[in-house]
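The next part holds the structures, each set out as structure tokens.
Look for chain A in each of the two complexes below; its partner is chain B in the first and chain C in the second.
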Partner chain A sequence: MSSQAPVVKRRIGDLVFSNLAIGSGVAILVILAAVAIFLFAESVPAFLSEQDAAPDGFFAYVAPFLFGTVLASIIALLIATPLAIGIALYISHFAPRRLSQALGYSIDLLAAIPSVVYGLWGMLVLAPFLNPSYLWLNENFGWIPFFEGPVSATGRTMMTVGIVLAIMILPIMAALIREIFLQTPRLHEEAALALGATRWEVIKMAVLPFGKAGIISSAMLGLGRALGETMAVALVLSGSGVITFALLTSTNPNTIAANIALQFPESSGTYTSLLIATGLVLFAITMAINMLARWVISRRSEFSGAN
Partner chain B sequence: MTTASVTQNFQGSRSLPKWLAPTLLAVAILASFSINSALASSNPEATQLNLFAVALVAVITYSIGFYLASRIIEGQRKSADRLVTILVTGAFALAVVPLISLAWTVVERGAARFDIDFFTFSMRNVVGAGGGAYHAIIGTLEITGLATLISVPIGIMTAIYLVEYGRGALARAVTFFVDVMTGIPSIVAGLFAYAAFVVIFGPGVRMGVGGAIALSVLMIPVVIRATEEMLKIVPNELREASYALGVPKWLTVTKVVLPTALAGIATGVMIAIARIIGETAPLLIIAGFTASTNFNPFDERMMTLPVFVYTSYANQGSDAQTYIDRAWTGALVLMLIVMILNIIARLVSKYFSPKG
Partner chain C sequence: MSMRIELSSLNVYYGSFLAVEDINMVIEPNSITAFIGPSGCGKSTLIRTLNRMHEVIPGAYVKGNLTMNGEDIYSPSVDPVKVRRQVGMVFQRPNPFPTMTIKENVLSGYRLNNNKMSKSDADALAEKALKGANLWNEVKDRLDRPGSSLSGGQQQRLCIARAIAVEPEVILMDEPTSALDPISTAAIEDLAIELKEKFTVVIVTHNMQQASRISDMTAFFTIADTGLPGKLIEYDRTDNIFSNPKEKQTEDYVSGRFG
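Coming up: the complex of A and B.
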């Protein structure tokens, strides 16, 4: 009698299903690769063709838009980060326990509003509302290069764009930071309370040090969002290809995404390729920032004492 | 030593009197009101009081007064705590202001054209007043529907792979790149769909289905994340019980795990749809815009609601106000759809998710 190893029955259903699942997983990687490959392939003609869409070369064309993109995103980030930390703290530590979920939901609603609606609102409501304060800033702080005149008459300025973008990235940042604050080891907080710390001292000693890496990576994810935001910028800003730090005037650098949205419908030939090439630049930058942010988060969660 | 100095030494043992907060608030409002009216009377251009400025100055005055009072009576530590409470609450209140302003503006200005015509007429041969967004609503439904058809199977299968099968380097890479994929700018997704279609159909291509593909790139990671979360909370005991009865793995997943998580997955899918239904930029690029109704997503330009809002504003014709009115009504309809999807999603997860 020969000893037989138990024969594992390969069920056909299992085989098909697991391969489908693996295939879907691989499909994600393929889609991302395809985005990069197709964008690259379609942007090549912009560099090769004889009749140049950008007479001074590609980088001279994209530089002002890149500058505008980064400037708008940094303004947005400077406004949104402290606010997002405040909101996250309010929901996780200050709001009445029973209300906190509903309050979090109301902030999430901000994320659900389509960007084109933000654009309309920013242009027709927020810009006229903010303009008097721009005049005031220019009168009193005009010596700071950022607040140089002449102030725009409509309020449709870089500053307004920054504020609209800040409102748009606020919910995602607040949600991420809130999650991180809620992971603070309960024992740390209770130990601080037992020593007689006030609520602010608990936050200062236990919550903020624990959440520091998380706050940084949330800010980077928010930055990624702001860099790629299109319609709100396209509607609010009447941008052009200039490089200027003055935030309150009516001549503003456009952003890459808004420039594509505005120019693409009427473009053809190598100009289309040129726009796709600027899109590739945007894709590369947002990918790099997102990957860095996700890497920081994943490294953080491995060492986190929360679990 | 007197009793007064003893209580002074125990910081925080003396607390603010109950009447202080309301009194301070009243004083702050009064002071802000008088300051603002004084400013308004000195400035001939200001015809009326700016209520927002009144509220702002009142809140700031109140916060400073409250902080100083607490600092004097309760000491440095308590007052720092109170200051932070005020700041944090203020940050939250500040974030709610744009939400209210937005909702109010869209409802107020969108109401003008919120009529039957808006839902039954397209913009074909319409100049000036009249017309509607029928063609855009059809386009949005078809393109979003197609995007959902593409994204949901891929999304759910990928989540199943990550939770039930995924081990090793491939699973780690997929998890990482799904996260990265959530950060793809929407306009890049549109350019991708265009670039891919150009290869097949030649330059200048515009097609509804391209919009669906662009939206899928944005929707798939959202579906994966939502499904993954739901599959993870299905108790392992259910899987083990199923294996113990000799049920194969794929049947365990499809007959035990998925039904348990179904309500949560449905919620996630609906929130994902709400997220992409308002996307403008990719559709502007690959689906284009038109004034006529087009039922066929595989042929020619297709209007969608977000693009309708944008082009109504951007390409105003004669009698500009009618175009702006249509843009706001389009925004109102869009926001209503998003809100309704969100509310249904919350209700589904509340009433149909497994208890315990």
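Coming up: the complex of A and C.
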């Protein structure tokens, strides 16, 4: 018996591709580290400087923007997720083949619209269009804190921002979820059918459980986009540093990203650092949400059907 | 309960393509009927017409008559969902729901009909069905594990448990052992023989020994050529088909001289 390790034949193709793969993997870490280091390094002066950019402290400054960011994104996600699942189900399981193809293309088209266009549209078309319904909501459901008055005269409110963001993240979510639904194993759908399941019951028994992890992932992708969206929010909302749950008034908290975009051009010194520090907060929140999503998915990986 | 199935002048189409032509046969209750024949002869298509599962494919339809205990299951007033609740089916590859536990899998069909069910009733039903599928002893301590944690043969018996939990009258098995090892296959075969006490069992198989071991009646199907419809060549008691077939084609096939 030979004690020598077997000689591995080095093939040039294997070598090239393995190095390419390693290189790509390392690149993502390097980029991530570079951005994180930039954020840390540039935001340090905001905390150390003598001259105070935020008189009441950093957290008092960032809190309303953080609140606004999360609120707008949650509204967007609450609206977009059920809609995206519905669209994906219709395309993958209900629509006639030709129609489903056409619908698939138009969703991709929706995804191709730049966010500044969504912002303009939200400001000029959607806001005035929605305003009467805001008035109605306030009249009839004003006792719910979300719909408190006084209602904005322009319709450029937190609610409108949430809806614009929902429309923006809808295409990518619908497209991803549709892909996932199409991958439901035929065997599982047939198992349900053979048990005497109706179409809806097949979806409940086989399609939705199978797609659950994917639905969560795509919701997180959508949420990530909503959290970081700048232009659309900046155009629709004239926000300020307030914390309020009232969605229909003209006093609204701004989001972190929009605040940076609006303030940055005229900022200098420690104020610039302060703005970058808010960017760091956004970065941390987005990462935390993504990790949370991973954890939710892995918790029931035994039941995912991947094994 | 068990049902007598009668097929007369049954033609099965996929769009304009005639897949199975002019089938006339009677499947007796409390028996095992095996469908044998070369690939593409329409035996899987035919077994799927017995619970209207072939309709899942767009454009598929049947002409002719198919009755169960005298009731036409293709009458316009009959809901295919109702048919499938009376006719259970087991597939070629084990297909327990991966997102459900073993117990949830067994109860999944039952829950379609009755959402409300006490925990003790659910436990009793799961135990009864798993015992009926000869799986209880192997899984009784891990009912809350995923169905996909079982071996292939166990998964297939889990699928049988799921099918019999709703107390159907007919059990269809479409090549249930073709993805299993010989020991698991033997377990399924023993189970099939037990199942015919209660159900009408129809099984599609490529394994002729299997057909001769377990079935009471055997139907031999073949096609003359690709693109032509599958036909029922001979349908008789299993011992006749294998030892004394009337048709030359049957004899060639069962003795391995086919083609």
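Assume the second predicted complex is superposed on the first by the 261 of 307 C-alpha atoms of A that agree within 3 Å, B and C clash if a C-alpha of one lies under 4 Å from a C-alpha of the other, contacts with A are read in each partner's own complex, and residues count from 1 in each chain.
What we mean here is this: contacts are C-beta pairs under 8 Å (C-beta built on N, C-alpha and C of every residue); 3 or more make two chains touch, one makes a residue touch a chain.
This is a predicted model, so every value here is computed, not measured.
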Across chain A, the partner (chain B or chain C) reaching more residues is B
Could you tell me if A:212 is touching chain B, chain C, both of them or neither one (first, second, both, neither)?
second
Exercise for the section: Using the superposition on chain A described above, determine whether A:282 touches chain B (first), chain C (second), both, or neither. Expected result: first
**Message:** Between chain B and chain C, whom does A:184 touch in the aligned arrangement: first, second, both, or neither?
**Reply:** neither
- Give one of first, second, both or neither to describe whether A:198 is in contact with chain B, with chain C, with both, or with none. both
Interface residues of chain A shared by chain B and chain C, listed 198, 201
The chain C residues in contact with chain A across the complex are 51, 53, 56, 81-85, 88-89, 91, 93, 95-101, 108-109, 112-113, 145-146, 148-149, 159, 162-163, 166
Counting only contacts in the complex, chain A reaches chain B at residues 11, 13-14, 16-18, 20-29, 31-32, 34-35, 38-39, 41-42, 82-83, 85-87, 89-91, 94-95, 103, 105-107, 109-110, 112-121, 124-126, 167, 170, 174, 198-201, 203, 221, 224-225, 227-231, 234-235, 257, 260-261, 264-265, 268-269, 272, 275-276, 279, 282-283, 286-287, 289-291, 294, 298
Within the complex, chain A is touched by chain B residues 12, 77-78, 80-81, 83-85, 87-92, 94-96, 98-99, 101-102, 105-106, 153-154, 157-158, 160-162, 164-166, 170-171, 173-174, 176-189, 191-192, 194-196, 198-199, 203-204, 217, 220-221, 224, 248-251, 253-254, 274-275, 277-281, 284-285, 288-289, 306, 309-310, 313-314, 327-328, 331, 334-335, 338-339, 342, 346
Within their complex, chain A touches chain C through residues 185, 187-188, 190-198, 201, 205-206, 209-210, 212, 302-307
